[in-house]
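Below, subunit A partners subunit B and then partners subunit C, in two separate complexes.
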Partner chain A sequence: MAASVRPLLERMIFRRSSRAVFVSAADGWRPSPRCYATPSCRSFSGGAAEKSTHFGFETVPESEKAKKVYAVFENVAHKYDVMNDAMSLGIHRLWKDALLRAAHPQPGARLLDVAGGTGDIAFRFLEYVGSQKRRRDGRSASWQDICEKDPGNREEGEEGAARDSRVVVCDINKEMLKVGRRKARRTGLADGVLWVAGDAEELPFDDAQFDIYTIAFGLRNVTHVELALREALRVLKPGGRFMCLEFSKVTHPVLARLYDAYSFQVIPVLGEVIAGDWKSYRYLVESIRKFPAQEELKELLEDAGFCCVGYRNLSGGVVSLHSGFKL
Partner chain B sequence: MLRNVLARFFTESFFVHRTVKYSPSIQATSSPFASVRNFTDVKDESQQEFDTSLLEFLVCPLSKKPLRFEVATNELINDELGIAYPIIDGIPNMIPQEARLVQKDSDSPAQE
Partner chain C sequence: MFRRVARQLPRLGNRHSTVIANACVNRRGKVTDSRYHEELYPGHIPTSPIQKTLLAVGSGIAALQDPYRHDMVAVLGETTGHPALLNLRDRMRNDPEGYRILTERPKIRLSTLDLEKMASLPEGSFGREYIRFLEDNHVTPDSRAHVKFVDNEELSYVMQRYREVHDLLHTLLGMPTNMLGEVAVKWFEAAQTGLPMCALGALLGPLRLNARSLQSLVTSLGPWAVRNGLQARCVLCVFYERRWEQSLDDLRRELNIQPPP
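Right, the complex of A and B next:
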């Protein structure tokens, strides 16, 4: 992979599109009280009429959506990475790199990657933090570093361990986790990653555990987005950052037409040829159309209680990177 | 980079039965095609150990209370609610619908 091609490619893609609109919404932030009498909690009351939601362009009862989404990803798990490369012509790697660069994690950070099945974000996080650490170590030593390296002053081993970065990958789909774990062992990054099968709407983690919460191309598959956002807020430490990479609305009209044509004509065909499953990929492109656009998602984040919410369009709005802080 | 990706996509998607040995590398961006070819390699999958360092993070998704790791049944038990979450292949399954009720008389799957 020529090192020189990559920055050129990034410039081509980002320059055409991205307005770095990290809109500060501090003044517009309405602190949402922790009341549970919201419509999204109707699912907790037994006996209420079953709400329906979208599964691509279909309308299905909410209880069905989770099952159908599970089936989709169970079918595609083994070809997931191949298909990502084929459908996005490898550009999904640049999007994920952009997410990590925006997050800019430091050594010792704890990342929760939700819907992170095959581990792309987790591996990039470990690489990034590793390179940050090497950069830090390469700098001339500060007095603190010299004191710490002195064997007489060295603290307990747990102190060193606590400074290690950890990633927890949480996905509802066990097949995707297995594929991810296999990949981890193959690339030698298995040590820093923990794998958990869990529901984004009910995370099995205690409050204030993580520095960064990422969800890359997974939020549109969640049945109740507000619940997932609320859980994200809960598990983040104060000062923690929520980052969401998701397909979004293309801003330029001509590009939008081309993108639609590509999505509906080419992607299901690729799905059939490579993964033998065109329906799953038709669900994929339909679910993208049904997901809220950039501004609506920003509002959802603000409603959930995140501060300084902003977003940045990548590739002309094909993908948007949303960010919010827990303060 | 794109040319490489396309070239490999076109060659390797039609030769999925070719076995190629991959030496483990530190790079995160290894070939995604590896997972396609080697998913029959299940020898090291069956007896995965549960990583107990996960216990510092995990709580019950329903009550958010700490869990107890039961080595004998390889489950994470919430004694308060009386439910057990299975650990399959070393990956804890923390989905409430798939937890098991731990009761002396019945063993039916728990509901949310």
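Right, the complex of A and C next:
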């Protein structure tokens, strides 16, 4: 591993400050009518009755959800990318490209991609900053002079871009990370990426480490969404940006009917035929329905402390891109 | 909508009792509500007609591309086999031994077989030959996929029994598990059961055979398999678990199966 990355790795993996996370009514949480996660006092007594949450359309104890979600992604990991292409007819690539374009990262930016197991966002990020660097290099001499004074930009070429801009992929599921690492080795982008196993609700990183935090199609699998959002706020630098790409509610009624029919009739069949796993893909479809809609997610982001929260619908609301800033 | 309701009415009694049984026993014992889609048997996945059609097409294509995807062959059989399964079930009901099988529900699993006892049976006995077949071909009765997409509990058992009897058929017909042997067994099964999956396998399997095997199939093995499939007694109606000591030749005579050419 490059020498520059090692201290970064150590700083990031070993959190100096241990943090007990309390979520209580006193913090001003707006209780949500949905059952995705009831804000509760996460005390250490453990004597209270087990709260339940949704796992797709099933109701399970909260402690079980994480295990069940882990099992789902362990099963689908090896066919995850193929299935994404099949289910979305390749459109998921456009959604992820849109996320990167909206983020518009510059060389030197540090990205944390949570629930990013197979590395789609990470690789796109590296290619994007690489192309940004090339554009910058091609500009007028005076601008290059300014750039050369910046120690971070002394290197040239792809290698330089990779070492400048670092991306950390954090995923709770080791199988997904394995698939991502394999892809990185195949595409030759292994240098710029750090693969970390971690929980979005309790990230193993210190405060204010990252410029951009992304979570693409992962937030709906988290048991306590508000905890993940708080952690995102914590690890972002001031001025940092939170971006979330997630399936959301289709507003147009005809499109919604078609989308529902496609989701429930076709996707589990694709799961069975391609991956030999009907139930995991039925879970994926159901979990989309249980996740908050665009406005509710925006409110959650604001409650968590993000500013200038906005969202953009992609593909008619099938996917929405939420963005917030830490100020 | 009316048609759907009308179709469900005869099944209501069956499902009603299953739901009550599940609620009373409460096997899972955790905070799970009853699934919105009732499972008729463990591993059952209820599917709509559209899903069944898509599954049939998809699994057919997948099985053609990769014949070693046994799970796709299984799914193809389940989604296309309803009329044939009904026919098989009725044949079993009308046969005294078959009826006993339907009520007692025996399963051929490693856990239910006494392998040592079977291996110690005399040569030429059905049990001994079956063990020899398992050893020679490195197969196990536990590798059969579970039934998922058949929306009737009794028919799902018929399907499962058909899968479990497949290996025994190899022994009865004396066919190995190479491609030629499998195709020959498929021809026999297609003639016997009428399952569309068997017919498809019988038609498309030969495409993967080399010229010599193909010739052997067409001239001698194929006609033999079909002839025996049509004239043999229903192979699902035989309580194999009680016939391990019976001599193989005797069993073949009883089932009206000629030895392979």
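In the analysis below, the second predicted complex is superposed on the first by the 263 of 327 C-alpha atoms of A that agree within 3 Å, B and C clash if a C-alpha of one lies under 4 Å from a C-alpha of the other, contacts with A are read in each partner's own complex, and residues count from 1 in each chain.
To be clear about the criterion, contacts are C-beta pairs under 8 Å (C-beta built on N, C-alpha and C of every residue); 3 or more make two chains touch, one makes a residue touch a chain.
Predicted, not measured: the structure shown is a model, and the values here were computed from it.
When the two structures are aligned on the shared chain, A:E58 is found in touch with subunit C, with no touch to subunit B.
In the superposed pair of complexes, A:P268 makes contact with subunit C only, with no contact to subunit B. By the touch criterion defined above, A:K133 reaches neither subunit B nor subunit C. Set side by side, subunit B and subunit C differ in how many residues of subunit A they touch, and the one touching more is B. By the touch criterion defined above, A:K68 reaches neither subunit B nor subunit C. Judged by the touch definition given at the top, the superposed model places A:R289 against neither subunit B nor subunit C.
Contacts of A:K237 after superposition: neither subunit B nor subunit C is touched.
In the superposed model, A:G276 makes contact with subunit C only, not with subunit B. Counting contacts as defined above, subunit A residues 274 meet subunit B in one complex and subunit C in the other. Here subunit C touches subunit A in the complex through residues 30-33, 35-36, 45, 48, 50-51, 54-55, 58-59, 61-62, 69, 71-72, 75, 148, going by the rule given at the top. Subunit B makes touch with subunit A in their complex at residues 1-2, 4-6, 9, 13, 22, 24-30, 32-36, 38-39, 44-45, 51, 53-54, 57-62, 64, 85, 88-96.
The residues of subunit A lying in touch with subunit C in their complex are 50, 52, 57-61, 64, 265-266, 268-270, 272-274, 276, 278-279.
Put simply, subunit A touches subunit B in their complex at residues 1-2, 5-6, 9, 78-79, 81-82, 84-86, 89-90, 93, 118, 123-124, 126-127, 166, 168, 172, 174, 177-179, 181-183, 185-189, 194-199, 202-207, 209, 274.
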